[in-house]
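I'd like to ask some things about the structure below.
The first chain written gets the first letter, and so on, giving A, B, C and D; residue counts start at 1 in each chain.
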Amino acid sequence: MSETETFENVVRFENVGMRYGTGPEVLREVTFSLRPGSFHFLTGRSGAGKSSLLKLMYLAHRPSRGLITLFDEDIATIPRERLPFLRRHIGVVFQEFRLINHLSAFDNVALPLRVAGVREGIVRKHVEELLTWTGLADHMDARPPTLSGGQQQRVAIARAIIARPRLLLADEPTGNVDDSMGVRLLYLFEELNRLGTTVVIATHSEALISRFQHPILHLEAGGLAYQARGESAPPPPRGAFGARRPGPAGGAKP
Amino acid sequence: MIAGRSDLPLSREPSVRLVPWIIALMTFLACMMLAGALLLSDLLGQWTRDLSGTATVQVMPRDGETAEALQERVAKLVRLLERRDEVASARDIPLDEIAELLAPWLGTDAPLDGLPLPRLIDIRLADGQTPASLDSLRTMLDNADPDAELDDHGTWRQEIAGLVRALEYLAALGIGLVALATVGIVIFVTRSGMAAHQDVIEVLHHIGAEDSYIARQFQRHALAQGLRGGLIGLVLAAGSLWALDRASSGLDTALLPPFGLDAREWAILAAIPLATALIANWTARRTVMRSLGRMV
Amino acid sequence: MSETETFENVVRFENVGMRYGTGPEVLREVTFSLRPGSFHFLTGRSGAGKSSLLKLMYLAHRPSRGLITLFDEDIATIPRERLPFLRRHIGVVFQEFRLINHLSAFDNVALPLRVAGVREGIVRKHVEELLTWTGLADHMDARPPTLSGGQQQRVAIARAIIARPRLLLADEPTGNVDDSMGVRLLYLFEELNRLGTTVVIATHSEALISRFQHPILHLEAGGLAYQARGESAPPPPRGAFGARRPGPAGGAKP
Amino acid sequence: MIAGRSDLPLSREPSVRLVPWIIALMTFLACMMLAGALLLSDLLGQWTRDLSGTATVQVMPRDGETAEALQERVAKLVRLLERRDEVASARDIPLDEIAELLAPWLGTDAPLDGLPLPRLIDIRLADGQTPASLDSLRTMLDNADPDAELDDHGTWRQEIAGLVRALEYLAALGIGLVALATVGIVIFVTRSGMAAHQDVIEVLHHIGAEDSYIARQFQRHALAQGLRGGLIGLVLAAGSLWALDRASSGLDTALLPPFGLDAREWAILAAIPLATALIANWTARRTVMRSLGRMV
């Protein structure tokens, strides 16, 4: 997978099932695929399995059956050593944020760049830019427990997109911000999408869904009830959005 | 702790801050135990050297033998003994020394001159003598002079050797236990320190950090904590030993050897904090790697 | 404060200021009062101070200046030993849930009743009833980390209302549930309100605010921008909602 | 752990589960140290009793005195001595025993009969004698018989007493250190166990639980953990001591006393796990109360 490579599908699920431990299947017979550059909402009642579906996509959980491909590679056959480099192309906004409490907002957002070995000067520039954009210019040095719920959520979003991932998975990313901030954040996701990132947003907000007319993946009782068509044009030329990731095989460059 | 961007400052919460102190305490204990054992072995070494390296030859006077003739026989035996490899030195104990030894029983003014007293030869054995070499000495003496008899202080020697062995077993057991406890505690506090960082491990993992990168962060942290704790413990132990040395020099008992360690023994002590730090390092790596291994 | 006693105001703030540590004031000159049986929305942009204002009301933080009364008592003069009994009359839904991870959903919800010394038989009945009502009948024995975000939020709400508090403070209680569940939960709060509980709900959801026409407390840059009138009739007669709290002085009855 | 609804099952995460084992280890160490000290004091007590409770009276023969007259004088002194409070028993050492003692110097066949040998009286002192009581004995002897002299084994006694004191200092230091370490570790693990429950404390507080109720939950938990750990440690220590006793009975050195503890000493040992549990209990209470005190 190189910087310029294109894929047929960013994500493809085929008859995927998933269960936690020995519990019942929370996902059943899930089949869908996401083209590069597509933008989907993931909907469904509370407990329908949205977060679980996302967990499969960001490799936090293995399916109990079925086939999953990421960037056209079967995840069951990818050797473990390569997974970290794959993960660097996937940005995740966790429903419960998962910020590191003893690091400042700045350091939390800088983490993906530092792990990938980006130069500190570049890190500083991009992180400050993005935090300012999300209205956190005054809170860069605050630790997450001293931030309001919405501020924490924005830090989590900034961390997910700072490395300009190829696939962005956001779980309820606007649950703690007001509607106007929610709209502003969705514009941010759309901008990222225009630059080639495939986006999936799990949300309950009917306001957002109706305002931004993107195709919908709807889960009902563990199964995919319908998938609105999500074909989109090949990714547009890339601009200078966020920090550049280091090259293909992902070796950390100092 | 932050050396360059690839370092991640780990948390400073109270329970984590205590870690080096616990390690210091255990290192201190281990050092004191080891120092105690080393001193004990010095002490026992001196005792057994005093006793087991010696033997006595008793030369009985023959009927009607003059003091001069007896003295002549004794001198010959001393020369014979001194030529043997088994013997470091042999000394004819002069009559007035014998009189001194006998004073409690015979009184200080007892008229020894007229008595047919046996004469004694004090032998200091060469290093590394076995019962077999004493046997060969005995044979030699029997041949040279049937009236000379070797006393190797055997009963006393066995008593003391038994005591020494028992004390050494106990010391080894004590050290073993403290070492075990130290290892256990270091592993425990390192692990519970890591558990406090479980969320950090998970986040780094999801962000695409390689396992070895994550482990390295924590290893470095644990190594530093272990080293700091170990050094504090060593310094405390050294201070205590110095104070004990000062205090014991006021005790003046001839039975206690000088209460201090030599350079080699100090080097052994200094190895403890190093071992502590390495154990902490290894525990951190194992803990992190195992918890990463459980993730996809 | 007895079961039948009435108050002039459940909450009264007068020129209240609040700061965290030595930081800037996040609340300034806040003055308002809540009549018994009133129902308010608390709104404001992310970071405006909603959660901070609620913290003052549920006694998690002291004001840096000004006067706060709860049930007509100045909180600065209440002896520390009496605070636990006061707290039992205040139900809180925390923005970040704060469930106890090693207890089951059932035990989490039962906690306030058990702490107050309610009989186990009654505890079981009321907790099961309430969890069923909130759609968690199948998840009573699940521990919170194995619940979805919305399920956790509903457990947190159930815990806040199980002891039928006199004052309910809910911080963004519908951020993780779908709109229909959000409406259902608000009906629950209204039912509680009808039984006499004074309710304050901090929320970003304009959909909810416009659907349920309750007065609004709006925070802007740390100050109260406007307080819509919240006069309401004296509390209606009480029905059998939730478990009965033990009597006035609050001593735990076995 | 759940006895009725007012109990709150506390978490069983790995780092908390380790707590009783750490406490067990430290209790075990403390028990072994204490047992070692008790045995050492038994051993030293026996040695010093052997030596310091005794004295010897040497009765010099007068010029031209017959053996019978000397024997008469000795018998009179023995009777005198036995009447004194300071003396537990006095025994005239028979001539053939003296001959045995002298054998290394005089040979086994030395003609003792013709010698004007001094006679010895072996005195066993009553318990609790001081140098002053020996002085009064000496005065009495001087008055009764100017040719009788008291030897209180002073030099040897001082040597041994110095050694005993030094060893007892060391043992006390060792126990003190292990006790300190045990207390430190128990406090640490209890505190870090509590830290893992900080969220529970906060939630209970906000729900309206009284401080003492919250503290009680955690105290009970810590007490149980401490008691469990302490008992495990005690059982391990008892097992080890029993094994050591068995092993040492094979050693047969007359210098070591029987390697076992009496009932009183076992009781002292059994107090350790109790103390451990109480420390854990107290630490839990203090930690919880302090963290509650920081809240409004």
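Rule of thumb we're sticking to: a residue touches a chain if its C-beta (ideal position, glycine included) is under 8 Å from a C-beta of that chain, and two chains touch if they have at least 3 such contacts.
All figures in this text were calculated on a predicted structure; none of them were measured in a lab.
S.K.: Give the chains in contact with both chain C and chain D, ordered by label.
M.R.: Touching chain C as well as chain D, we find no chain at all.
S.K.: Report the inter-centroid distance (CA atoms only) between chain A and chain D in whole Å.
M.R.: 69
S.K.: Let me have the rounded angstrom distance from the C-alpha centre of chain A over to the C-alpha centre of chain B, please.
M.R.: Going by mean C-alpha positions, chain A sits 63 Å from chain B.
S.K.: Report the inter-chain centroid distance for chain A and chain C in whole angstrom, where each centroid is the mean of the CA atoms.
M.R.: Whole-Å distance between the two chain centres: 34.
S.K.: Let me have the rounded angstrom distance from the C-alpha centre of chain B over to the C-alpha centre of chain D, please.
M.R.: 23
S.K.: In chain B, what residues contact two or more other chains?
M.R.: Correct list: 13.
S.K.: Where in chain C do residues touch two or more other chains at once?
M.R.: In chain C, no residue touches at least two other chains, as defined above.
S.K.: Could you draw the chains as nodes, link the ones that touch, and say if you get a line, ring, star, complete or other?
M.R.: Shape = ring; chains linked end to end, path closes on itself.
S.K.: Which chains touch, pair by pair?
M.R.: The set of touching chain pairs is A-B, A-C, B-D, C-D.
S.K.: Within the complex, which stretch of chain B touches chain D?
M.R.: 13-15, 18, 21-22, 25-26, 28-29, 32-33, 36, 56, 58, 60-61, 98, 101-102, 104-107, 110-111, 115-118, 120, 151, 158-160, 162-163, 165-166, 169-170, 173-174, 177-178, 180-181, 184-185, 188-189, 191-192, 195-196, 244, 247-248, 251-256
S.K.: Mind listing the chain B positions that touch chain A in their complex?
M.R.: Per the touch definition, chain B meets chain A at residues 5-6, 8-13, 199-200, 202-211, 213, 295-296.
S.K.: Using the touch definition up top, name the residues of chain C that touch chain A in the complex.
M.R.: Against chain A, chain C makes touches at 20, 44-47, 50-51, 95-96, 135, 146-151, 153-154, 171-172, 175-182, 204-207.
S.K.: Applying the document's contact rule, which stretches of chain A touch chain B when the two form their complex?
M.R.: Its residues touching chain B are 58-62, 81, 83-88, 90, 92, 98-103, 111-112, 114-117, 120, 123, 159, 250, 252.
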